[in-house]
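Letters are used for the chains, namely A, B, C and D, taken in the order the chains are written, and counting of residues starts over at 1 for each.
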């Protein structure tokens, strides 16, 4: 019934008609899109090596397999903290290596792709750049897996077509990530659209993650939405964790403490099992 | 952090500060808001006694406890089927009695409250009437439980304040129902907002249902969203079921067949158990 | 290109295909939908006779032809001022008569139609009741002109179909009123959609007003949006005016003072002339 | 009342508190932000030299002062026409020179800024790149005027902060352009938000244009919205014109013919005069 935009007669590369079985993206022994759910955790921004190491140590202990952290931060105001840049990338790579966790970080400029690819195992495209077609096209030429977040108010079709830009360039390792869409509801930062997750899993072979931290912007909603995401069929979650959220340089309100993250992991495990999946 | 609109110093009646423990609404031996999830199923509109009876028989066999069906239908066009009116109410009451299922139906006009209350165990306020304050105020004077659907683009606060209209009138038996909010996404009828469910459960003692049929408008999304709703903490679901969706006078595209409903029930059961609840 | 929902083969009553020439609604010698723009002004709520009389006297002096004021107020919270009810209707009728201005007020409940019709020359359906089909159907049976505001997030098609409910009942005197739709923009109360005005004028013969006060919720935007509305082809405007906005019982932030209203009238006059229309 | 995001104590550069008088951007003898309205016209995409020259000749004859045309097109699908690239830039520069019209074209990638700046008098940032902060930051280092379109669902504050990125880099020549925001209304491509125009003129000294072509996506709405934009206080308009819209490689449905553009110019002239401005 729902039709993916056509490609002059042949099927779109993101479509299940092009590839029936689920894509599995392998990163240093971890798999995204397999039966085991992928759990990606870490601070919003990389602030310094000590905090990142402490966070990594704790989230790994709770069962997270990937470490996230931003070196380039897309901030609404030019006067907000913009991230540590290359220094942040180096910290992330060192901590990831030490903790034996693959790392994920965001690229904001097509000029930085090479640099980011040097330090990071997976490259993230943020919601604000989902329609940055020049960036997408260049990511189609790298050999790194790409996490593509859904745009602030992108339709599902636009999101899949953004992924198609990367696949059409030759890079089939794309992981989608739902992070909420903008709505008129003021009590949550965005409105998490879990029907998009179920619909994308139906139409596409690509793995789909959910980011309940950015989607809600409210700490107490992260765990319920992580559970719901998994029940809806998501292949994993991406969660912001900070040892001291009240001191975080960005997004403190939605960050879990390591203790809160540990509770989340305990809460999602039985839901994962209920639908025949594991968490690790 | 999030503050419910104040009531001159004292707490709002819908608030957990006014009543800490969950409200449980009892209807003919069934409970909404308890540990067992409430499952409400039936056709969008009551078309005739035979179809309703067939549907009721089948959904009851799968574990539904409540029977739904519309006698007054809020249709966008005056030229669409508007429901059977009082005749529909009578059919609903007869079938409910015969099948020993409490029944739920919508009231659209304050003039009809008495009539609807005569035949129905629970009275529903549809999304289009969530802001019909005259209707809400009169429902505050009845002794029937009321299912209050969230408005098409109502904020969570407006929804809770609409419930407060009913409670303030003296009727504490209000059940909230999330059914999706309007967004720019064309592939789903509405955008199901499950964070609203988790947030309302945090702020209010009222039970919260989810209607995945109206929320998505897409048959294949009903079961994944029912699972997600339960994982998010909903107290039950409201699902459209029709023996022959392709011939339904309204909402055929989103209706499950009895067989589809049976699969839904099998799919939600382990999720309910995973969070410590039962389905019946 | 854009197709109005069909009516089994024949044209919808609201459509220009059904009636090519503009509908003109005559109320006590004033016309809505003619070459002269209709200006409707007054306080959000009727608070007492003195304030209403003072407002009416001043807005009439500036060129307003209709007096508005709410006796039944659709308030989000049950604890906010709900209007004076029948007492308010009586005040409105007396002041209208004394000032020789036709009056407009809102009905919220189908039970009150008769009462409101007894006192008011034009009956208003507010945005929150645009989808109250029982109310619309009964208004189709009255002989009073009806101002039908666009719903909070109603599409243009839904708005025209809501008008069709009234016309189909036999009452052809419907005046549409655009008052902004809900969006994610926090700096304005709603987002005024002037393309809807131009589109409705193209598709339908019904007159269209614009309410820049509710649309923006910001006093300084009322005059620029009134000018834009007229340039877009609106048949008139509906503006909130209060002698002491800072003391108003509702909507003070968006109310003009009589002095501000006088400036608005001076500002719109040349725009009206530029497109070949007059203000009085 | 409305507060622009602060800059550690001092005023934001976009703010009227920083600069009270209107900014005027001078481009080859033409001014944007002065008493005369700026009219920018041309095809969506540069298709070939002949079509562009024909269009330029005709729109100049009707009073347009700037020529627009896209060489890099942000297309939702990777399989749609993506623009002629550098070849398109060369055509645009040649035609602009020949017709003695300053030219405007879009940059999509920070890597292309230098190239685009070589050929174009004004650089445009499209809606999909409003949040491409790397691009904005680099544009702050050029000496070319920048037209910054509002993002698909950007708030007014986010839009002004995006402009602030450019100003903070040292480039004060920023021109804002409202082009509609995404809404649930299916009959228009976007919802033109003219209150944003009035509000930005109140808060900021930067000039503001309106693009009624992209805002509506409907040819018959372009002229009414151009009139409304000018009445609301816009400093100019940006309009798509194509000699044969039915054959256009993109956006044909919203493009005016040269004849339609001539009618638009005649229609806006009296509105401009009514508010004390001229069109040329």
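Definition applied: a residue touches a chain if its C-beta (ideal position, glycine included) is under 8 Å from a C-beta of that chain, and two chains touch if they have at least 3 such contacts.
Predicted, not measured: the structure shown is a model, and the values here were computed from it.
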item	value
Higher-contact pair (C-beta pairs counted), B-D versus C-D	C-D
Maximum centroid distance from chain A, chain identifier (CA atoms)	C
Cα-centroid distance, chain C relative to chain D, in whole angstrom	34
Rounded Å distance between chain B and chain D, as computed from the means of their C-alpha atoms	47
In chain A, residues with contacts to at least two other chains	153, 157, 182-184, 186
Complex contacts: residues of chain D adjacent to chain C	1-2, 153, 155-157, 181, 183-188, 191-199, 202, 215-216, 218, 220-221, 224-225, 227-233, 270-271, 273-275
Touching residues (chain side chain D, partner chain B) in the complex	182-184, 186
Chain A - residues contacting chain D, complex	5, 7-8, 72, 74-79, 108-112, 128-129, 131-135, 137, 151-153, 157-158, 161, 164-165, 168, 182
